[in-house]
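Several structures are given next for inspection.
Across the two complexes that follow, subunit A remains constant while its partner is subunit B and subsequently subunit C.
The block that comes next holds the complex of A and B.
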């Protein structure tokens, strides 16, 4: 009997439940282990013990941790992520308003990286040993070596200050103003996408090189198929491991957008996370981590399903 | 007789007393307060945002680094974009403790008084009287002050009562209102505060940002609870327009403002938390004004023909806090010796790129609270340090001194790094312990430290600094116990400083106190740090007086 793609997807989805539960548990515990609670950070150095106690009581932080946890999980299951300790806003609303921004930034990085990596990797493999290959390899090395916050600042100074052609701080949603929105996404996209572009370029190059030396391609060539068509054959097979890497990288892009949002002053979820950590806003922090985890799980699922589609072996006998 | 305020400006003492009454000793300059957060005010290099949220400040005039001789007349219109060092975390004035939120609130809602040229002036109040015993403060309110739409009605005494009662609930303002027994409306334009005991700093507190007057109906409309008032309605020159959290906040000119202000049509506040990005945004023209420019970027702002740099002196006070109850710091000889090893100037160079002054006390020369320690001050003198230690029987032999610090605030990081380097070169073993800021703050509050690099915003009233540091009835941050030299006398001095209503007597009290601090070193003062503001050349009318509460209503764009 063969495993259908639907069966596979359902199984994977069910696995996501314990993963998410475990993550909430770990995050809940970890943030509370860090010294300096929200009351301390909110009230600052002038806080008296009475004030601290009053604020802790108000935030429900004087309850036993397991009670807090159960309350929280109960709320989350009912779709209520609670209210921020810092500004009393609904965490669900705050995340919902910032998630699209982060997704756009991530997507921009994704688009930049693939539109660079696929041609560069292919060219590098096909023109192996030429100067094209050297360029591809150098890019592959530099791209992974340059810290992206540094690259961000360099781009920002070059295109935002010296040439002043692109905006450097802020964000306009591409949905409300596509042209202006894209202008705001160019530099963050390049900054975020460079490292992934480099990784995918190197990966694609080596996979493709290996594939191009396979015997079956000689058979294809003997049939009189053009070199381009042969390459397409090779690429489909070379892509199987590359897709895994791309999928994993998408997750990293989502994480990488945190620093990008800080450098480019983008009001996304990443910056919300940074603020929540600094102010020990546990509730907001937990909500964001749950959302990030959900995305990782979802991305992994999509990767596996794509893999499943690309690799017939997986669809074989179970 | 004349006296100098902290700006160095000479002012007539009688006029101060006339304005301020005898009960308000600290009124010479600025606004006091505290209870801020310190946690979310971003890159406070330069000393602005730290210890307790930058709630206090000096009105010392901003010094334009680039001489700006032409003074064009104000022009109306335009929108000013301001780069903030942190996101706005909550806009309910009676709840938020974030400095950047206060800057916004300051332009939207108003308190009873404020300070101008170092002296208290009415904002919503027309005048005031303080009873001789310092227990009753009666304010006459301005007439014809109206709230923004949709409230659109006159502000009256009941609104003042409502606002103060609101901020006094749930410990919202902590101990600041503890001395307030009652607040009552005598008629529509008269409000009386009654204190349970004389509390000299009370008057200054009235100029603090959170002590603003807001209309009850607008609060109820937005949910009613403390913290719900996120679209503030007040009587100020700007009214709330739109807030996209994290992206921007926009406020627009209030047509019904009682004066012919503001010049600008609108102000857009844009959080740009990364300091380098903020400077880049200023130079690229994405923002017109950048707050909290780090010292290391000063050259690039100065060097750009489109931008200029303003410097506001002594907005922060950096010190090494010492827990006098733990070994080896409980030995006064150790504290005295360390105070002689520290080279303050090098810390100012490293921590804030020279934008500060080596200091032995928070108050600059020229402030009435400044006391010239003369030759007695403990300057760097390694031989003296060694002599003190030898005399005390070498208490630091085989010991390592540890300094807690963080990397969030450059001045604190440099203080600790250079202190240990200087101690080591003097033959005293020392190391730093780098913590995340929230963790360090927690250790500070719990007394879990021996020595700690710290920095607090300038506070105009010395009570705000010293009382909490040493007095056993409070947190007693420095754990200066009764066994320490002159402890009882130091407690008495800070207690008297708080209730004494005669200004001259208070100056005497704090002078005595500072002498004892220099003698016994419960903490080591390091530096007064400056705040830097970057401006596009088109921006005019920036009048700094109560930094960090910028008055956008005096500004305009010349383009």
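The block that comes next holds the complex of A and C.
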């Protein structure tokens, strides 16, 4: 029954490989379903058949799809995502220069959400039935009902027009200028993190409530342990299922950053993606989607491993 | 608040398999009054459902919001003071007034009327998306949960790979590839939510398949199709219904997000997200009403579905209620 963490990690990694293969294949296949195919997109609808044929041959589009796919994946594994049909830029370079920005935005949302959700969820559970709890529950409900981009717009209205405290558009890398960089990340972080904060607050509250009713806590109290430390005991156990949700939410934050980047004019992968869609630049689109999903799958993998590590029921003797 | 509802908290759906669970479900409820009121198990359960639902104040509020929203979506012509595309350029970007309660947009169109007409798209998305997702996800979940083994592994791995896309990313990609139209958006969002329905149905089907009434049906010679349709599916319905309500809320948010990014329902049909897309451009110049009111419409409708979903969950499926 008991499995070592290494064994589990290997099994889980082997599971991620076919998922990623399938994901990339789906994306690749989808882009090939575009009416007329990439050649028409490049040359426009009034291109002559000879021109189209020439471009198709040059891009290898007249080979069977699986050959094209294997070619592409071979390139991607070596960091080559091909060249954009629109501006002939290297897609890999464009993504690499924007990836850190997107990750910082996602991280900002993550930090905001946890620093709100952990106190809010704990308070709500410990003070169950009081006004603190009502605040927590209301937040849990409103937070998931407000679309993040609208929250961003409201923040823009508040801070951009009424107060002139925080920057409302643009981006400065926290690596080059930590103070200014963080100032630029505050509003995007709040905008992105609120929904996740609400979800985690709700979940933490209900898990903690359940945990607080367990008998073992009475045993802990009987030993003369203080209420605060008893709570820490309960929180440790309540956190196990919450970690899974937090991890999944990290992936959704990554998706959410697309829209946040558009709201706050942040030059990250999300903006690149939206521009690629607008200009029908499918090679870029395909590359970005693959990078996003790879991160998403990787995060889920880490989450599963953490879950496994935290949960004594699953962990064997080390 | 739903204390110890262990025994009757399970599958409560008025369908054929009723005889088997009818006994256990009634077990924990009052016995005396039952003889007087109970006609058939279906009626009895429906009544208990209504009673519990009414007692849940937030759920009732949610139901009222959704009902109001439905009325607006069905009769926008009667409610909106003007058509959504009547322009009045001299009166452009007017702040809220008695005549234009939510102000006017850049072409002088009445924002209130456009918000009212926008409810139609939002409601269509909210209703159709869960249906599309269910149509595919529920059969997959039933098969995976009932047969298990290799089929389960393969189906769930495919579901995992759909799940491996962040929802907004998958929606964006699908609409970008297949083109912008209401149909494509509903289909794309439907695909996005297939895995959730498959997982939830699989979970319920897996546990129901082990119950004795399924074994009895099988030993009596019922075909797998019949067992799935009559003896497994009914017990998955409450979980599916809760998921559908929550999916409706998410679908409204996703549709407005896509419209905000410029890949939503094409103009001139007003969608709330599309209005926000344009309204965002007027944030800096102070025309706040342009982006505030369509956003409030989204929040209110999403809140309605979320409240309804929470309420349904605590009534139908207390085991998964986060507020037990």
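The rule we apply is simple: the second predicted complex is superposed on the first by the 277 of 318 C-alpha atoms of A that agree within 3 Å, B and C clash if a C-alpha of one lies under 4 Å from a C-alpha of the other, contacts with A are read in each partner's own complex, and residues count from 1 in each chain.
To be clear about the criterion, a contact is a pair of C-beta atoms (placed from the backbone, for glycine too) under 8 Å apart; a residue touches a chain by one contact, two chains touch by 3 or more.
This one's a predicted model, so the numbers in the text were calculated from it and none came from an experiment.
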item	value
Which superposed partner A:177 touches (first subunit B, second subunit C, both, neither)	neither
Contacts of A:144 with subunit B and subunit C, given as first, second, both or neither	second
First, second, both or neither for A:263, with subunit B first and subunit C second	both
Which of subunit B and subunit C A:80 touches, first, second, both or neither	neither
Which superposed partner A:7 touches (first subunit B, second subunit C, both, neither)	neither
Touched partner set for A:71, first subunit B, second subunit C, both or neither	neither
Touching partner for A:34 - first (subunit B), second (subunit C), both, neither	both
First, second, both or neither for A:218, with subunit B first and subunit C second	neither
Which of subunit B and subunit C A:278 touches, first, second, both or neither	both
Those residues of subunit A which subunit B touches in one complex and subunit C touches in the other	34-35, 153, 156-157, 160-161, 262-263, 274, 278
Residues of subunit A touching subunit B in the complex	34-37, 40-52, 54-55, 58, 86-89, 94, 97-98, 153, 156-157, 160-161, 164, 167-171, 262-265, 267-268, 271-272, 274-275, 278-280
List of subunit A residues in touch with subunit C within their complex	15, 18-20, 22-23, 26-27, 30-31, 33-35, 137, 141-142, 144-147, 149-150, 153-154, 156-157, 160-161, 202-203, 205-206, 209-210, 251-252, 254-256, 258-259, 262-263, 273-274, 277-278, 282, 285, 289, 292-293, 296-297, 300
Subunit A contact footprint on subunit C (complex, rising order)	157-158, 160-162, 164-169, 172-174, 176-179, 249, 253, 256-257, 260-263, 273, 276, 279-280, 283-284, 286, 288, 291-292, 295, 298-299, 302-303, 306-307, 310, 322-324
Interfacial residue positions of subunit B with respect to subunit A in the complex	34-40, 51-53, 83, 86-87, 89-92, 95-97, 170-171, 174-175, 225, 227-228, 230, 244-248, 270-274, 276-278, 280-281, 283-287, 436-445, 454, 456, 468, 474-475, 477
